[in-house]
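Could you have a look at this structure, given as structure tokens, before my questions?
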Amino acid sequence: MAIEVRDVNKSFGTTPVLRDVSIDVESGSLTALLGPSGGGKSTLLRVIAGLEQPDTGTVHISGVDATRLSPQRRNVGFVFQHYAAFKHLTVFRNVAFGLEIRKRPKADIRKRVMELLELVHLEQMADRYPAQLSGGQRQRMALARALAVEPEVLLLDEPFGALDAQVRKELRTWLRRLHDEVHVTTVFVTHDQEEAIEVADTIVVLAGGRVEQVGSPAEVYDNPANPFVMRFLGPVTEIGGNLVRPHDIEISADPQEGGTAATVSRIVRLGFEVRVELRIDGKDAWVQVTRSFADQLGLKPGDTVSVRPNPGARSLALAAV
Amino acid sequence: MAKYGLRTIAIAYLFFLLVLPVGLIIWRTFGDGLQPVVDALSSPSAVHAFQVTLTVALWAVAANTVFGIGTAVLLVRHSFPGKRLLNALIDLPMAVSPVVVGLALILVYGKFAPVGGLLESWGIQIIFSTPGMVLATVFVALPLVVRAVVPVLEELGDEQEQAAHTLGASRLQAFLRITLPGIRWALAYGIVLCLARSLGEYGAVAVVSGRLVDQTQTLTLFVEERFQNFDQPAAFAAATALALIAVITLLLTKLLRPKG
Amino acid sequence: MTTDVAVRPAPPPGPPGGGARARSRFSVPGGTALGLGSSVLYLSLIVLIPLAVVAWRSLDEGPGYFWRAVTTPDAWAALTLTIGASALVAVFNLVMGTIIAWVLVRDRFPGKAVVDTLIDLPFALPTIVAGLVLLALYGPESPLGINLAYSRAGVVLALLFVTLPFVVRTVQPVLLELDKEMEQAAASLGASPFQTFRRVILPNLVPAMLSGTALAFTRSIAEFGSTVLISGNLPFKTQVAAVNIFSQIEGDNTTGAAAISTVLLVVALVALVSLDFLQRWGSRRG
């Protein structure tokens, strides 16, 4: 295991932010800490980096107890949401920083830094200052800076949080590819489930300071441990006391076995998909169908239909409230 | 520990440079009770110095406030050639020695200077009289109101004023109802700084006033003159009064200073 | 008193809003012209014309006279003392001001808010009172037994008093705004606290430290009131340039006074222009 976190508790004042958190991060994996804001994921990442001290519990990095080690001695790479660029240093000197601290020979530093700048596509920007870079470029510089010291683990705190949607998507794909090239154990924090599913090979869902579920993206999406995880990972709707994904529902104009009667209240066309909004026993629900299927059914508001979960659909029974 | 070391150095330095000297004066002033202080400050010369100081300061503050608001609005809301130059010139008085200020005014407005001579022939005396002291005080305190108002005016933006115009307000109405309330704390801050600077000016006033006891003597000049004449109690009492004004200024500016 | 405003780091070179670099063919609207006219007239009558007359008067009797006025033994001694003492005071402020700003931002202790308020006291206190106060503690009747009256050390002490806030108040806001994550990033890259200070914090403070130092230097060059009492105005020993100008005015030698004044003005302007240059250099990196 690259990182083992055991029974970590942490409070800010009287507010607990991490409660009995234990996770294992496999060597070479790309793990996402996913959860709503205030769920404790950034704090957990900072505890791993040594930027916060846990109240109780331990952190092992590569088998060594790092709980009381200063960040300086942990050999982790940390990438901050707002980049934490050294404003007074050029891109080159930013990336070289950790190597200069380690007193590596000048020629080695130069070679290593240029390699990394090539890796993050910033070789043309070496002599610029951070203020002259775009957000995405700064973030890539911060990544190269963290990678320069060959860290045992790479930690990224909402790495794409401050970027606009387009750049975010590009960097996501790029991070995945980078990880496939470099293979350093990587943990990143995100509140965007799409980002976690697309990039990570393991997802840790954190909410209210607790680990709700750990698994591969498919496991977490298809077999959510509880309604919270199911809701957080994707759209859900409620049919007959069960939580179901709206794309996992069969809809038919005629009554069907095991079906529930519903009234169509509105039909919303969103490009290739169509959202059919329903009333079932006085409650709102919705179903996602393809456009051709919707055209075939020819639904109008006011129609009565029958809905039921797909045979293979995952659904979670909601405990009676 | 480095932390405690630095803290000790900083506090010790401030203690011996600021706190102890100022504290000692206050302690010496009140060493023999309140009565001698009251006596020293109610002597005719002291009362007269108070009056002169107030007159000069109030005129100077009034002039600099009008100039300050006008120039700040000009710099922030209008564009014209030479704006950068004007902006730089406003800070010029900060770099000029008070004595040079006094000399400069004497060279223009003195009895033997062309302008001063002309005014003298009309019966207006500037140097060695109140107008000259006001001019000197205006000079040294000139940037304070402008510099307090400009950043707030910038932050305020002109959208609200434009909104007022679309609602039918005239320029004056928009200024009085929108702009002025928006800058009132910054303006108050600038006026307090300006007033304090005006009450406490020494060098420039020393040069242009001629230091005539019971005529053009301000409170700061009174302190110096009493001290040179070995009347320590009066000098200390007046100094303490001025120090008190300074402390009140500090607290007021602390209260009014634009936050963040 | 309160020169507080001069301490704001990097005053905006030209307020935005009207923006627009002054275009040459630019018609100024009537209202603006009236305001601009009054403003410039006010500034000219009180500041610009009088200062120009000082410079003009200093050369009234030719450059030879100017040179002789500046190099009379007492004037020369006053000028060198002023510039030397101001340089010393500026460097001392650079160190102490930075330490005080550091303690005010990074340290926590009871009464910190009071200390923070006290820093501005020298700006608020009339200079003559500052001089009197220092003379009481460090003069012939010093309860501490330290007598600096009528000595150059006394002059330096008075200048240290009046210039205390400059470096503190320029460095403090920069230190407050400094991105903490930058330091955490340095630590996670293996830098020790000292390395983080030297390689990350200090370089980010240098422009502010130098601005504050330049302001303290300019103020020291110009200082008059606080040195009057403690220096005793001994020519060749403790008389600073401003006091020398004052005694020349008293002696009705206005041309000589104007010559020394001009030297002071030029030195101050050079310091301020370098300061502006430094600030541009500092903001180049954003």
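Order of writing sets the chain letters: A, B and C. Residues in each chain are counted from 1.
Quick note on the criterion: contacts are C-beta pairs under 8 Å (C-beta built on N, C-alpha and C of every residue); 3 or more make two chains touch, one makes a residue touch a chain.
Everything quoted here is computed from the prediction, not taken from an experiment.
**Q** Quick one: how many steps at least from chain A to chain B, stepping chain to touching chain?
**A** The fewest steps needed to get from chain A to chain B is 2.
**Q** Report the most central chain, judged by the distance from each chain's C-alpha mean to the global C-alpha mean.
**A** Chain C is the most central one.
**Q** Taking CA centroids for every chain, report which one is farthest away from chain A.
**A** Comparing chain centres, B lies farthest from chain A.
**Q** Quick one: report the Å distance separating chain A from chain B, using the average Cα coordinate of each chain.
**A** Comparing mean C-alpha positions, chain B is 59 Å from chain A.
**Q** Any idea how many Å lie between the Cα centroids of chain A and chain C?
**A** Each chain's C-alpha centroid was found; their separation is 53 Å.
**Q** Express in whole angstrom the distance between the two chain centres, defined as the mean CA positions of chain B and chain C.
**A** About 17 Å, centre to centre.
**Q** Note the residues in chain C that touch 2 or more other chains, in rising order.
**A** Correct list: empty.
**Q** In their complex, what parts of chain C are in touch with chain B?
**A** Within the complex, chain C touches chain B at residues 1-6, 8, 11-20, 22-24, 26, 28-29, 31-33, 35-36, 38-40, 42-43, 46-51, 53-54, 57, 96, 99-100, 102-104, 107, 109, 115, 117-122, 124-129, 132-134, 136-138, 143, 157, 160-161, 164, 218, 221-225, 228-229, 241-243, 245-246, 249, 254, 257-258, 261, 264-265, 268-269, 271-272.
**Q** Under the definition above, what is the set of chain A residues touching chain C in their complex?
**A** Residue positions touching the partner: 49-51, 70-78, 80, 82, 84-89, 97-98, 100-102, 129-132, 142, 145-146, 148-149.
**Q** So in the complex, the part of chain C that touches chain A is made up of which residues?
**A** Chain C reaches chain A through residues 179, 181-182, 184-192, 195, 199-200, 203-204, 284-286.
**Q** Considering the complex alone, what residue numbers of chain B touch chain C?
**A** The touching residues are 3, 6-7, 9-11, 13-14, 17-22, 24-25, 28, 63, 67, 70-71, 73-84, 86-87, 89-109, 113, 135, 138-139, 142-144, 147-148, 150-151, 154, 157-158, 171, 193, 196-197, 199-203, 206-207, 220-221, 223-224, 227, 235-236, 239, 242-243, 246-247, 249-251, 253-254.
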